[in-house]
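Here chain A shows up in two complexes: once beside chain B, once beside chain C.
The block that comes next holds the complex of A and B.
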């Protein structure tokens, strides 16, 4: 059947002399074989050094072994079972989620006014603010963390300021605490929040606000009824971005929290680099990856299903 | 300007200060006279800069960082430019899927990527080697090059290539004389961005290091974990200085905000 059809096809194509239809089609569709050739190096590279390693540790995560040499290894779910029954790991997962949520919240509160100002500002001002907020992303995270270390010292600027304002009577332990980690993370990822929100603010039709102002709405009413709901997609994508980046951040929690704040990435790092528990560490990695993706999915979906559905297109 | 506008502006200034203040604090702190890190600094001296020269590990790490970043950027630009050209120019089936695949290393947490590569490289004898280190950095640089070059190609007029071909240029000449010069700004910004991505990286590098492959951010990271020392401030200031130079160039060519997806309207 198949062969016959192929033959039939060939016959129809084969006659020389009048192939105008066939040629026209060939001209319209550019040949893509050279394109595939250009793609080959990068595809092979990413397949060999990105896809295979990721699948390899997924495979390892289902192997349980008692010894480092890998003797007595067998397939099982025991790595995952340990993870979800041991209160130490569950607690670590909870701390990670909590810190990531709070970091997103801080970034949202501090980032929204910046985005709003950018949306109302002149093109020149916009470009300047974009440069100011995006540039720190190009400076190593260890440098930014060291800056916070200086500011959060017991006799540092932040404690001095809070004491001068009379908000606290003696220096707080900001370093090596959850507060320190939240400050570090929200600072590191705030630019992403601003850029996400500002993109949705740019898309708001300015005539909407004009119309509502003409109809007598106060600026506050204007903001609550038009700007805020229409910028929700940006708020959601900004929060999702900051949340997922915070969930998997290692350097900032390690430097700003240390052993006092055992978030998942710190626990995973310890299992792999210090305890050499590779199969268990692989399982932890995938749980971290899975939790991040799942929370992002639930968060986005929750918003889509809510009453703000109409603003998501 | 009304009261609400003023309030909005004031809150925005607070937010921008929050973003910039850790970097602002580091530079004055590097000129401290004291033997412990502090801000505001105590007194004024250059001692923590001259002390960098007495610590060969920082100099070596700096040279390593430079070499790895140049090589990683070079390879990422070659792979990435070829890939982006293929996607932009040819009607390859599954184009959008391929584009998402090429930028996928961005969506996998660097910690997980580092772990996967360490475990995978160990039996291959690549763990802790310069080659292994370089491969890991090329992977994290590729997505940015793809993004930037694809953006650069989005307004590309393929008629110019056709005109060249009609006038008798061979494909190689067309590429060198027409295509490359037109997308050069995108390639340069992709390369600079890849350089900074590699130069700044800590998380993936942590799984790839050996005594021979320690980079500057790794050296800062471990110094900070062992003992806080004002030398971190002076080394960090050097890093900020280098970053600022490259940021200025990037801003001139491409716009730093656009790299991260912030669209100017």
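The block that comes next holds the complex of A and C.
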């Protein structure tokens, strides 16, 4: 991940003399042979239970049939053509991307201040916050979503409170809406965001803050000019994590959005398990995968080519 | 000295971290335009003192003045200082030029003026042409030059250097040390330099402040710190020394007669170290001698009126410009630094050693 790379770079303070370029020469030997042997079991496992099924699904996505029995099957692009011409599926893809982007954004806005607090806290405080941050991961996702039900239902805690305060006159549609899914997803994946950002905050040399202060930078200026740009690797990897997890999330959108928010994983599930459209479902899942990979690639690439490119080296 | 010519004044500063007293009532004045070194072992409070001046720490008691202005509670970013850190602390996401313009922008200096100042300071530190490099692309020495330039470009009231050479190799350290001295004289900025390296302190400074355990032991010029140490700590910390234990047998107006082993030697009153300057018959004392003040020779012929005594070489170390010779003398090991080396000398050789009585320092054993 970017965070790890940044760490390597920053720890490598050249003590003197020449810039740190001589390392490459030392890598002539091939110490990977025993390493490969150690990796064999997991590589075999991944090949058998991940690569092969993925390839099989890819193969299925190019088969079109008219009947459930599979008669008259032929190779064609018709699954993909249907997908990209039917507004229902395109809309589903758009909703998925939109919800994932917004969930990442919400997690970022909520998570950054927590990460900042953690990075500045004492070791004890840090351990406590880490525990609090990670605690949602200990609760089953189904249980957690039903917890949200109590809060977000039309007669739930949030709506009742807002109506009692006179801020709204009738209950808002928090549940079974995009808002509900975004609340659920950003809550579920917040720990990933916080931990990614905090890692890159740890890697910032604390003397940089002193250096900027002595040059006349107020704490706010220091944050904007030094801390924020240098934590970009953490922000990017946090966003990539939350975005990818949100793109493929099934349980939370299904429970918090229901039929009103047909995100891609829910649609894929429907196609395969309820409508038994294995081949079309396969095509849908590959389009979802492709969209995720492309978005992540463009997002990270954009940052790595930006004026902050030096931060990512 | 009056406050009018002191750029920094610390009055009665006390700093505790928990129950650990880091600064135990420090009083310090830094004169305008001087290069003052804070020297001491780690944990002596030298960095804490610097941080009080920079504003990164606040004293529990006492006041700090910069140019006559009380700054005890002023945050660092309002103090208008320049500082160089041990770890360079360049902003890694900014080019050399952006690192240098950072402070100028905050001072709202116009762009063309910024460029002029940056060009001038880069020339000063001999880094012209590297404006567009990132810190990663520079060597350690170059990075520290940029850090110095970044501190100087804002024309600060004071220049603070926190062990700036400790991360560099010996050759570069020497080179940059000379350069800091040259720059400081050229610009005339009042400079406070923190180091644990006595050679650095002695060669750079106008005055040296030797600190130990949260207290100032001595403030003086490098030569007088070395030649006239005020306390035993200063004597032991600066340079190397050999010590003997002895007992006062008599005193007169000029000298103190001391018996050490079978030898009787006399020490001038000028060579007494420490506050306690009264000696009586029977007092236990310590005698000190610097390795370079011990004469070593093959023959027992007296030199300049002082006696030589038999000793045996235990170790020979070649240091390039001189020899470090350990000898066994009166049942203990004595270190000698000399140019008078004979190629016939080996470990186990019999030699004769001696010293001028005026080179012996004496201190009362507590």
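The criterion applied here is as follows: the second predicted complex is superposed on the first by the 262 of 313 C-alpha atoms of A that agree within 3 Å, B and C clash if a C-alpha of one lies under 4 Å from a C-alpha of the other, contacts with A are read in each partner's own complex, and residues count from 1 in each chain.
Criterion: a residue touches a chain if its C-beta (ideal position, glycine included) is under 8 Å from a C-beta of that chain, and two chains touch if they have at least 3 such contacts.
Just so we're clear, the structure is a prediction, and the values are computed from it rather than from any experiment.
Novice: A:205 in the overlay: touching chain B, chain C, both, or neither? Say first, second, both or neither.
Specialist: Touch partner of A:205: chain C, not chain B.
Novice: With the two structures laid over each other on chain A, which partner does A:73 touch: chain B (first), chain C (second), both, or neither?
Specialist: neither
Novice: A:137 in the overlay: touching chain B, chain C, both, or neither? Say first, second, both or neither.
Specialist: In the superposition, A:137 contacts chain B only.
Novice: So, does A:230 touch the first partner chain B, the second partner chain C, both, or neither?
Specialist: After superposition on chain A, A:230 lies in contact with chain C alone.
Novice: Taking the superposition as given, does A:57 touch the first partner, chain B, the second, chain C, both, or neither?
Specialist: So A:57 only meets chain B here.
Novice: Between chain B and chain C, pick out the one touching the greater number of residues of chain A.
Specialist: B
Novice: Jot down the residues of chain A that show up as touching in both complexes, chain B in one and chain C in the other.
Specialist: 219
Novice: Per the contact definition, I'd like the list of chain A residues that touch chain C in the complex.
Specialist: Touching chain C: residues 9-10, 13-19, 205, 207-208, 210-219, 221, 225-226, 229-230, 308, 310-311, 313 of chain A.
Novice: Provide the residue numbers of chain A that touch chain B in the complex, in ascending order.
Specialist: It comes out as residues 29-32, 34-39, 41-43, 45-46, 49-50, 52-54, 56-57, 60, 110-111, 113-114, 116-118, 120, 123, 126-127, 129-151, 153, 155-157, 187, 190-192, 194-196, 198-199, 202, 219-220, 223, 247-251, 254-255, 265, 268-269, 272-273, 278, 281-282, 285-286, 288-289, 292.
Novice: Which residues of chain B touch chain A in the complex?
Specialist: 2, 4-5, 8-9, 11-12, 14-16, 18-26, 29, 37-40, 78-80, 82-83, 85-87, 89-93, 98, 101-102, 104-105, 108-113, 115-120, 135-136, 138-139, 142, 193, 196, 199-203, 206-207, 216-217, 220-221, 224-225, 228, 232-233, 236, 239-240, 243-244, 246-247, 250-251, 255-257, 259-265
Novice: For chain C, which residues count as touching chain A in their complex?
Specialist: Against chain A, chain C makes touches at 54, 56, 75-83, 85-94, 102-103, 106-107, 134, 136-141, 150-151, 154, 160, 167-169, 172.
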